[in-house]
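Below are the structure tokens for one structure; questions will follow.
Just so it is clear, A, B, C and D label the chains in written order, and each chain counts residues from 1 on its own.
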Amino acid sequence: MTFNYTRTIRFQDTDAAGVVYFANVLAMCHEAYEQSLAASGINLKVFFSNSSVAIPIVHASVDFFRPMFCGDEIFIKLMCKYLSSETFEVAYQFVVADKIVAKAITRHVCIDAVSRSRKEFSAEIVRWLREWGEQGKLI
Amino acid sequence: MTFNYTRTIRFQDTDAAGVVYFANVLAMCHEAYEQSLAASGINLKVFFSNSSVAIPIVHASVDFFRPMFCGDEIFIKLMCKYLSSETFEVAYQFVVADKIVAKAITRHVCIDAVSRSRKEFSAEIVRWLREWGEQGKLI
Amino acid sequence: MTFNYTRTIRFQDTDAAGVVYFANVLAMCHEAYEQSLAASGINLKVFFSNSSVAIPIVHASVDFFRPMFCGDEIFIKLMCKYLSSETFEVAYQFVVADKIVAKAITRHVCIDAVSRSRKEFSAEIVRWLREWGEQGKLI
Amino acid sequence: MTFNYTRTIRFQDTDAAGVVYFANVLAMCHEAYEQSLAASGINLKVFFSNSSVAIPIVHASVDFFRPMFCGDEIFIKLMCKYLSSETFEVAYQFVVADKIVAKAITRHVCIDAVSRSRKEFSAEIVRWLREWGEQGKLI
């Protein structure tokens, strides 16, 4: 199933070229990711301040098709994909006025926050992957 | 009348101390301000890319009472105050779980975007000031 | 003594009005503060990830006199002021091409990071206060 | 030739996991890019507020190998690559204490800022590409 997140482009998101600063698009991806975690019942405060487990991003990529302006209403479609027992990917599609304006991917690895060695996902992440993934298919 | 804006604290808003980075609180104030403009029917894209008129912030201050954490749901109460035909102030109160966690003020001056000399507010700003102000009283 | 920090305005610092986004000025203040700590021999990594002591900002204010543009070379003059055994203020002056473009103040309180109760400054902070303060006089 | 840019990790760059927030690494790439433009004699203020030509990023990707902490001194090695008369790529390598901590790429397309149709690079961009490129070889 696809998770949908709506977001208004803020003045802060823009730069002197009058459009969204490129790196801020990845920050919006992370917002959608956080919201999808919350939608699966995951407590964000606990999840992101966990001192034993972390799921850092090891890779991100983004393609820009059209500029986004302050005030634009963007619809972010998120879909996750299980890669292994410690790795997943999240794909994001940004839509404004029925046109795809950007696409992005983030790859995450579950690690022990202290030793930084790989660690299997918790049950709640497995549940989240089942909820917002679709038979190994990305957007 | 008070304008109310709800916002979830995002991972990006935090710093290595585990709480919201201080300057990001002012960015959230501006988000609430933008949302209040939109609620009064102002087109944000036109408003913030206007090449003839600008309403830059000339002063801002903020007081922090309690830390804000990733995942916290914050309620921002915004109230504006007419100071002169080219100046207004906006007051913001941040509430988490019924406790005031921060207060802030921004002061704005209307100028000609090219000459940067003062200029009277447009009719839509006067309407916005009437809608979200309260007889010259700040929060 | 005044601590001096030089910084080029980056594209990311700007917004769609073509000038520096107001809240980013406070982030630049913090950069200058960090650099002044490092100049006094304080290890920033240890200082900002200290799990027992924290010195959060409880108040900040900023005044803007002129716009700052991408590429501008800014000179930030920092001076700190001892207020009590757990409180200090830092004053910042932003200068571009010999003109003051902004002024800011941050107030910090030393606390126990767990209980969040007040705590006296460490010896290294006292030394930093002596180095960059001037007989209780702010800029 | 490789362009080298040094940058201290700031508190603002970090998140509640205690390390640099992933999207901020791309913002640091852009800082290095801006500095390389300035090093070739390009006026950043004119370049980034040019109302007729723009060189937006159409693609970015980043790989993270090790975490970066507040206070870390990072060395960014930048190299650009000519792809066509309107397209170039920039590759970035992040090094901390002689270890590669991240790698990134940004792809840029030169366009007419109004019509948003493709446009050939100006002479100054061609000069910059010659200065920081190396026979079509990326890092």
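What we mean here is this: a residue touches a chain if its C-beta (ideal position, glycine included) is under 8 Å from a C-beta of that chain, and two chains touch if they have at least 3 such contacts.
Listed by chain with UniProt protein names: A, B, C, D = 1,4-dihydroxy-2-naphthoyl-CoA hydrolase.
Keep in mind that this is a model prediction, so the values were computed, not measured.
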| item | value |
| --- | --- |
| Repeat of interface C-D, chosen from B-C, A-D or A-B - more than half of residue-number contact pairs shared | A-B |
| Between chain A and its twin chain B, rotation from the CA superposition, multiple of 5 degrees | 180 |
| Interchain centroid distance [CA atoms averaged], chain A/chain B, Å | 27 |
| Centroid spacing, where centroids are CA-atom means, of chain B and chain C in whole angstrom | 23 |
| CA centroid of chain A to CA centroid of chain C, Å | 33 |
| Sequence positions of chain B contacting 2 or more other chains | 11-12, 14-19, 21, 23, 27, 30, 48-49, 69-70 |
| Residues of chain B touching chain D in the complex | 11-12, 14-19, 21, 23, 69-70 |
| Residue ranges of chain B touching chain A (in the complex, touch as defined) | 8, 10-12, 14, 18, 27, 30-31, 34-35, 38, 43-45, 47-49, 69-72 |
| Of all residues in chain C, those that touch chain B in their complex | 15-17, 19, 21-24, 26-27, 30, 48-49, 54, 56-64, 67, 106, 113, 116 |
